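A single structure is presented below for examination.
For reference, chains read A, B, C and D in written order, and residue numbers begin at 1 within each chain.
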Amino acid sequence: MKIGFIGLGHMGSPMAKNLLKAGQDVTVFNRTPDKSRHLVALGAHAAAALCEVCQREVVITMLTDDVAVSDIAFSNAGLIASLPEKAIHVSMSSISVELSKRLAKAHALAGQRYIAAPVFGRPDMAAAAKLFIIAAGDPATIDDCMPLFESLGQKTSRMGAEPAGANLVKLSGNFLAAAIIEALGEAIALVGKAGIEPHLYVDLLTSTAFNAPAFRLYGSLIAEGSFAPASFAAPLGYKDIRLALAAAEQLHVPMPLASLLHDRFLQLFAQGGDQLDWSAIGGLAAHDAGQRPDTSASSTRSAA
Amino acid sequence: MKIGFIGLGHMGSPMAKNLLKAGQDVTVFNRTPDKSRHLVALGAHAAAALCEVCQREVVITMLTDDVAVSDIAFSNAGLIASLPEKAIHVSMSSISVELSKRLAKAHALAGQRYIAAPVFGRPDMAAAAKLFIIAAGDPATIDDCMPLFESLGQKTSRMGAEPAGANLVKLSGNFLAAAIIEALGEAIALVGKAGIEPHLYVDLLTSTAFNAPAFRLYGSLIAEGSFAPASFAAPLGYKDIRLALAAAEQLHVPMPLASLLHDRFLQLFAQGGDQLDWSAIGGLAAHDAGQRPDTSASSTRSAA
Amino acid sequence: MKIGFIGLGHMGSPMAKNLLKAGQDVTVFNRTPDKSRHLVALGAHAAAALCEVCQREVVITMLTDDVAVSDIAFSNAGLIASLPEKAIHVSMSSISVELSKRLAKAHALAGQRYIAAPVFGRPDMAAAAKLFIIAAGDPATIDDCMPLFESLGQKTSRMGAEPAGANLVKLSGNFLAAAIIEALGEAIALVGKAGIEPHLYVDLLTSTAFNAPAFRLYGSLIAEGSFAPASFAAPLGYKDIRLALAAAEQLHVPMPLASLLHDRFLQLFAQGGDQLDWSAIGGLAAHDAGQRPDTSASSTRSAA
Amino acid sequence: MKIGFIGLGHMGSPMAKNLLKAGQDVTVFNRTPDKSRHLVALGAHAAAALCEVCQREVVITMLTDDVAVSDIAFSNAGLIASLPEKAIHVSMSSISVELSKRLAKAHALAGQRYIAAPVFGRPDMAAAAKLFIIAAGDPATIDDCMPLFESLGQKTSRMGAEPAGANLVKLSGNFLAAAIIEALGEAIALVGKAGIEPHLYVDLLTSTAFNAPAFRLYGSLIAEGSFAPASFAAPLGYKDIRLALAAAEQLHVPMPLASLLHDRFLQLFAQGGDQLDWSAIGGLAAHDAGQRPDTSASSTRSAA
């Protein structure tokens, strides 16, 4: 299969690499052409123009947000204009339910195929081909893409025939992860102010009932109070909470916990935290409780 | 070691059984004497009066709430009055930080020893001796009790020399679990109203990034919309959220998510849900979104 | 001054009438031409097309929302295209900060003048020329419009030289009013469930410390539990809360109370309340508390 | 009528003075006897012991909180023990619904009469005999006390035959006032961060739709950012929000806005604000938005 791959950021770059490793014929495109170089060294073709990467059998997009995807899709020589009939657009970015519906409609009108296949997983999981892929859309089209998904992730779950359903599930997953961050942030602020050592507390939690990776990862970041460099930047996390709330508005679903998370991100940005990892919202409960990061503890620890 | 065991409810009863199985000399006491019978059949002594069960080397209390523990401890012939000098009170109930501090003070004045050792785990884990025990207090006293803890749980974590610290950690754990229930409730309301089948969604979550037991257990209860019979009754969950908030008040820690959970329980009780499992608060987001339990779906499923 | 008036709804219609009463030369335009008829009877000219009403010295817009204003402003023969140089667009609708900024920029580029002059007040106050007008923009341009404002309202307050500032103040005012509705809703649910008669309670409040018109108006609607017909429809109130939150997002201002109001509107819509007055969100606290509207009480009362 | 008056703080002292002015025979009692002196100079009798002030026809209590009232009422030579049969205890403090119910029961058992008559108003209103009095209990007993109320306030509203109802209404009133503070705090943070001058904004609000005294008073304090010295101290405001939430718990009424206020007070205390006026919670929204009090503005203003 001849594959086009658009978007070579923290996630897209290792994903394209895994497709190459699996022997696929991959043409890559990125607005900043520099990012293509190391993939070309691994055998990728570099498209000089957007319209070129769009003339493939399958085109994967893995971009930052709605604006980026919508530019790629609806610009003059973009995906809708250039993708051959019957060819497939596999949208793997975290985008809004609304944009996914618009894409589905536009591709259908153009006689092209479209599925949504967003992922759970951070860059290290992308590199290890351990992503969880949530695929929705026409079942036969998903079947056609399964070989690609198998090169990219550890598991592909199907979420029905409506592509936008997969996007909603992806957004809900980031909502759940952010909820865990907030819950841990409040719990650690509480026990921490009572004098319990945060790392000891997180070790206890994650070795008992709360042994999911999210508890380990975020618990340890919050206990450490260290949110830089960002693995998943706060503005991206905020974007997903907003898109979840936008979907909730459309569906008339009140989500008070999502609203709380929304406000936490604004509080973080107001304090200059927009360069931090999104788990930094988990430090705000301690901040509101008048606690300051115990830098001595973390330095002691890192010295140990 | 001669052990007294007070409180033979859903948790205490299997715990006392496990001590007997381990060959311990156990005297049991319960206000409703009937509950002692099956333990006597297994070799336990039944104390006729509270003061009798208190005259042992170690007395474990596993009771419903502050009122019950405080009655047992501070009544005329109760624990403080009757426990021998140097004997140990092991308080394993989920009680308030404040009561735990009062107990520590009273036992110290009476020359008795006191540790707090609340647990994570539901009745089935108590029966399987798989509880997670959080012990705090004088280290040597905890050492003395380790053989008992090994008969009751799969792991004992130490949380410092202040008994009340263990109680706070226990309360924070129930706060975290309730936060997961709320987050799942909102997520399932959102995707459910978009037409995604809740069981499929929960299966996806728990087979990917959200694979902790709490997600499986509560996710499936919420997807099913079936909250009876209660495994952990809503009023008990509410009690623990209130005690966490009471500790947060003392420490001046704002916990907006805990406040949300508090209000969810009141909403549940106002709608007559006080007999349900505490995970029923996870059904309120769908209720607020105007969704009614899809009984057909669940009956189909149970027929499958 | 030759005035164009666009938008003859619940607010615009009595406002246009007051301008006519004051002897102004008014040309009106509405998409549904029927609405012009009674004003023509009072001396207004009816514009047959949008471009016609735009060729006046001052054009007032009083429309439902951003979409309506933006259509009128940016369409082919719309305000930006048709308003004469130096002529003034007076935007009196409740629109977003963002749209107001776009209008300011577009009018400036076209050599036209633009001020924002949204109002506090419901239709009865518009009819009585008792509106409170909040004007922002170039001071001299506001000066030029003062005779009009004096025919429309009881007071004009200036809010600086940035037109969008007036729009933000207007949105903040509707946020404050909705906050009062929520606060009254919770208070009435509380005392009502304790057996205190809601009308008696509201009478007490409004005859003592809480004697602002908002308390009287909304308190009595909530006590009555009667939210139809709508004087200010719930979807319009929701729109303004969303626009306030959108401004708060841009400025990084967490507004937890605004988020709560946002979720209340979704809860109301999920229960089919989108035809009701916006004060119906004040009935949700009683709903969550398991109370049903006491129709007997209100019928008794209305019979008295 | 021979009156006993217990509690000579910011409120009680001017109230006792007004009774003396009206020609009443008043015996005063305060734990700190110094506080009686200026009233004795005005004609009051000073009771040397609690039991002495209790032997009057009517005893008014105006104390800080539940603990103080309950000490006075239930101590050995306290009100319940010493008040003559048929004599009246008029409880004017802001106390809990629960304590008011206990007092009603105890007085009834002792053959004494009891009404609750808490007030709306701050110390300046107490001095001017302009309090709003909310009276509940046996109507005939309230009748007997009307001459006193007429010397203390501008209006007495009756709230039914259950004394505790008046206490609940009083608590709900402080909840409403705190809700206004929060709403103003968020609104001022929003418009302030957009560059609108806070005093100008508050002047606009209070000269238009939001013209209740609470908006003027709190709006100006928040705009000024000046919360010391306290007229009504934050811990007292917090106490009343907690008592309102305690009543809401008993009645199963979820009050999300009250929960938000509860958390605001904890945030304030965590930042060392327990000496400030309770309106200081209205400064937290700006704090969360990253704004610092603009001291230059306020100094410019005070220089003007």
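The working rule: a residue touches a chain if its C-beta (ideal position, glycine included) is under 8 Å from a C-beta of that chain, and two chains touch if they have at least 3 such contacts.
None of these values were measured; they are calculated from a predicted model.
The most distant chain from chain B, with centres taken as the mean of CA atoms, is C.
Of the two chain pairs considered here, B-D and A-B, the higher C-beta contact count falls to A-B. Taking the mean of the C-alpha atoms as each chain's centre, chain B and chain D sit 40 Å apart.
Chain B and chain C, compared by their mean Cα positions, are separated by 52 Å. With centres defined as mean CA coordinates, chain B is found 36 Å away from chain A. Taken residue by residue, chain B touches two or more other chains at 248, 252-256, 260, 266-267, 270, 288-290, whereas all remaining positions touch fewer. Within the complex formed with chain B, the residues of chain A that make contact are 97, 120-121, 132, 134, 155, 157, 159-160, 162, 164-165, 168-169, 172-173, 175-177, 179-180, 182-184, 186-187, 189-191, 193-197, 200-201, 203-205, 207-215, 244, 247-248, 251-258, 260, 285, 288-290. For chain A in complex with chain D, the residues that touch the partner chain are 256, 266-267, 270-272, 288-290. For chain A in complex with chain C, the touching residues are 242, 248-249, 252-256, 259-260, 262-264, 266-267, 269-270.
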